[in-house]
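This structure is in structure tokens; I'll ask about it shortly.
Naming follows writing order (A, B, C and D), and every chain is counted from residue 1.
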């Protein structure tokens, strides 16, 4: 039993040890990347061993207690790790992707001065992500949650001498911090009402939470909906949902491995993980679930469309991450948590592969990121081109690839269980159109970068070194086969119950039966009857026609395309609103506070007035001291007369 | 325990001050080594005290000697959970400020150390005193060395700032003296236990409450009376502002815990809404003001005012909780206040220390003169980042623990208050990271920066010591909460009596 | 019969007192103050305090007033112009008269009432010739012996110091022969003759 | 009757002394004379009432007052001489330097 305990702790803490060692002591590049990759490899292997242990054993969670956080009366705050089915699946994905990213960044960051610092930060980030997933209490959750946003702050601002990087990481951290406010409030409420921070206790009295209610504006609000709302706001900021998504495109300032690891696979999915982990919290209120689906759906469609007229290759893939996150949120909102997690894992693989391919193109063309300055790279970089093509197909949900399995499941669940109201139809139509738009923008990149005319001036472009090619090919293979292989673990009769303590309401059971029926009957056959597959394939063909065969169409229809292009290029004005309205409002408010409050109110009125009056009063008194003796005597005699008068008055004579 | 350990700790500071004042003319090396050895001795003494302290007992190591017998004022010292932690914090911060003096300053080290030791002696006296008059004596006495220290070894118009600090604190503590005398005469003798047993009617309590709050609100700068702190900090030297931020602000908080809550429970019950509103204003308004500061030290000073707002919020939210809430949430709230006091002490001392190192190299406090410091001094920016994280309240550092418990207690009292209190996380992030962005990121535009050397081994040792403590408290806050739960339970009993 | 005498003397005294402050020339006011003191001493003689009356005349008028006169003479103060003082002095005159006249009338009207007079006169028992003198000196030197010595000592100090303050050192601009210095002269301090021609040749 | 006369005179003496002090801005000597007058009025009262109560203590006090008055006037005159040397005038309004 002791071995399992050591292995669980070590699986999470290897990257921490490696990160700290490289960060503090290591100077040489070679030792740095060896140490970090070794750490990551060990953690990946121990997680695989744990997974085998978990599968072979009786499938109950492996729990390890680390320490007692605080011994305050009736608040048991113990920090520990717990590997249940959900945590193991996620840890597998995170450690695999992180390991491949470590190998990838050996090649990508070769000649960078901050090489050692980069590796230590990447390892520390992987530790934070693993700790977030593996922890078994709310304090550890919040610690992991904040530390991943901290490490994303460091990694986005990795090129610290660039002002744009400083702006981007400041904006990213602030928006994450805003979400953390709501999240922390939800945590405090949850801990207060469950009297403990452990997940087990939270799941134990979910029903108790469901029927306690707080009155806000003196109408009773169910506690779980309130906490669910707060958690959703936290998830929105972390997983870049509609109003709080503006930081993700700017976070492309960081190096590409960072975008691949953080802003594609692991960090942005923390919000989805949180909502799935506390699915029982959301399950009790239909209204909240509807809100989540609507926000997810609008994100899926409109954020995806923004990628259509973007020139920077990394920002296009970032916008595609935004839309895929929208899909996951729709799945969460519909109650299909395990499908959302399935899509999350599949998305991690093909999105990381896309980013790696983009990275190798950027390295090949000496840090050129504008797709219109690249072209015809298929001949010089065949492997990158192939990997990009495969993961693009998987992203757009073409059948044999893994993307199809998870995306199609989401669409079929959406068709079955979205409410029959205007919003329900809107959600389903938005996702459907999303399926059309995704292949459009991703293949636009493929055609212009890999096929199309060669309009880059770099002459001979050589294929990137093996450290970049090797992880990319593995991820490409995963994005092909992973879907089919891992489907039975997530969906179907003998699937692992990913989300613990789900209340078995009628909606959930109906949903499960529907999914089991589809899976048993074969997803492909079911998909043929669905419009989703048609839209995906149509999208691919459409993009082939527009961007490959007839590139001159876009130039000819310049006129009436100008207005939508302007809207999409300015990201529906979100950036404008953020910079001009919100930032100016708060800085104006702060400046007035400073000017009015501090200078005027406190310094000028209170202090200066009081001191001036004292000085003036003192001057008046000193004028009594004239230099004439007789005036002094006059005053003395008047005073004497007054005193005599008073004493006579009080002694009753007068 | 026959050794009078508390008097030893108390007068250790004074003896040290006398020794240091004699060394003014000896060699620099001698001054530095004696100062460090003496303050290490002090830390040893407190370590012995901490080792001998039994967590779940009321006042220990009590020493009672008649001082002004016919008035009933005794030289009465004792330590319980709350004051033990604050004494340890004082000793650590004094040790660090002595080290910072030795590391940074080249001349008049002896005089700076005398002032530091005097402040230590007086503030430890205030924390240990269990007698009203003795508390007032040390409360006033701690004001003088700080006034002279800012005045003598400060920055530009230091005398203005010192005078302002002195007058503000003096104004508050005069009413405080009147109320202590009133209590002393009414209760017969001046010891705290007899104060606590006094049955005062409501308007008596209201008057006493306003007198106490006036004194402590100025010392712990609450919102309307805070304008002395930024001036005092900008003009004080590095170790001066470390002392001011870490120790002297805690006197106000300690005073609230020792006087306002137990002696005037009904009045606190009545005025709790007002106090919470003031502390919420302090948190949000000062957060905004801090965001637009152009002087780094002034920004850190406003940050500590915002943190102090958090402390008063934690204290008075215990009264806003409805009767149904168990007593344990109040204990959590107030132990959160204590932890936040200590963590704020550590993190703001760290920030001022870091800034002192840069000010020693560049000599300017204006943010515009800095930029791209990360390229020039990477290790230094690592340490500075850690202190900023603790200032923000990042989980895993000391700043988060206190803040989280206070928010936890406010949740139990009133959700809207908690919503506003949580905003402090965003506001502290804006001004702290705004500072980091302007100072560390971006291109190096001030050419003088390129000639600056990164921190040497002694500065690394100093900052390392402090960051170890911050991370230690962050990961295991039990060091503070375990020993102080019993003491806080007593204060919370008074809170309960206030409600019933 | 005594009371009207006392009344007239005191009336005289008040008159002289007014004269002190109303007269322009300081010498005249000093002299009127001396007159006022004399009236007072006469009054005390009536009361039977002969020693004090004589002390007043010898000590006070003799010493202090001469001191004042000496002061006035030394400072040769010229009389100052009366006009700007006239209005105030006139108002003072009016003031004293308004208070004096009704009291005098009231006093005289009381003369006719024998009971008032008798009680007062009985009280002022005219003692035998030297009875008050021996009584006074015995009390002075028995009950108050130490008091007097101490007062004497204390008051001696200011007198000496007053003299000290005023004493000026030898005034420098008046040349005085000091025989001690004349005797102590050495030979090298004597006059030495120098041929200026050589000096001028050497220096140029 | 006699008593009222005596009290009346001493009161009048004091009043004239006060008035003298106040109106007399020009001459310090007259001011000092007024001080002497106040002493005199006190003495008159002392002597009369010592005789009225048949004991001598009043007269001893009167003697003390005379002695003190003498010393005081000596000091006052010394000061006045110094002032005269400094300012070459006895006009009290010229004593401007003692302004508060």
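The rule we apply is simple: a residue touches a chain if its C-beta (ideal position, glycine included) is under 8 Å from a C-beta of that chain, and two chains touch if they have at least 3 such contacts.
The model shown is predicted, which means the values in this text are computed figures rather than measured ones.
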Chain nearest the global centroid, as defined over all protein CA atoms shown: B
Chain-chain pair with the highest tally of contacting C-beta pairs: C-D
Taking each chain's C-alpha mean as its centre, the one farthest from chain D: A
Distance between chain centroids, defined by C-alpha means - chain B, chain C (Å): 72
Distance between the centres, which are taken as Cα means, of chain D and chain B, whole angstrom: 66
Distance between the centres, which are taken as Cα means, of chain C and chain A, whole angstrom: 104
Length of the line joining the C-alpha centres of chain A and chain B, rounded to whole Å: 37
Residues of chain D whose C-beta touches two or more other chains: 23-24
Category of the chain touch graph - line, ring, star, complete, other: line
Chains touching one another, given as label pairs in label order: A-B, A-D, C-D
Complex contacts: residues of chain A adjacent to chain B: 67-75, 139, 142-143, 146-147, 150, 153, 157, 160-161, 163, 165-167, 169-170, 173-174, 177-178, 180-182, 184-185, 188-189, 191-192, 214, 216, 586-587, 589-591, 593-594, 597-598, 602-603, 606-607
Contact set on chain D toward chain C in their complex: 1-6, 8-9, 12-13, 15-17, 19-20, 23-24, 26-27, 29-30, 32-34, 36-37, 40, 43-44, 47-48, 50-52, 54, 56-57, 59-60, 62-64, 66-75, 77-82, 84, 90
Residues of chain D that touch chain A when the two form their complex: 18, 21-25, 28, 31, 92-93, 95-100
Complex contacts: residues of chain C adjacent to chain D: 2-3, 6-7, 10, 13-14, 17-18, 20-21, 26, 29-30, 33, 36-37, 40, 43-44, 47-49, 51-52, 55-56, 59-60, 63-64, 67-68, 71-72, 74-75, 77, 80, 85, 88-89, 92, 95-96, 99-100, 103, 107, 110, 116-117, 120-121, 123-125, 132, 135-136, 139-140, 144, 147, 151-152, 155, 158-159, 161-163, 165-166
Residue ranges of chain B in contact with chain A within the complex: 164, 224, 226-227, 285, 288-289, 291-293, 326, 328-329, 331-332, 335, 372, 374-375, 389, 392, 394-396, 401, 404-405, 407-408, 411-412, 415, 418-419, 422-423, 425-426, 429-430, 433-434, 437, 440-444, 475-478, 481-482, 485
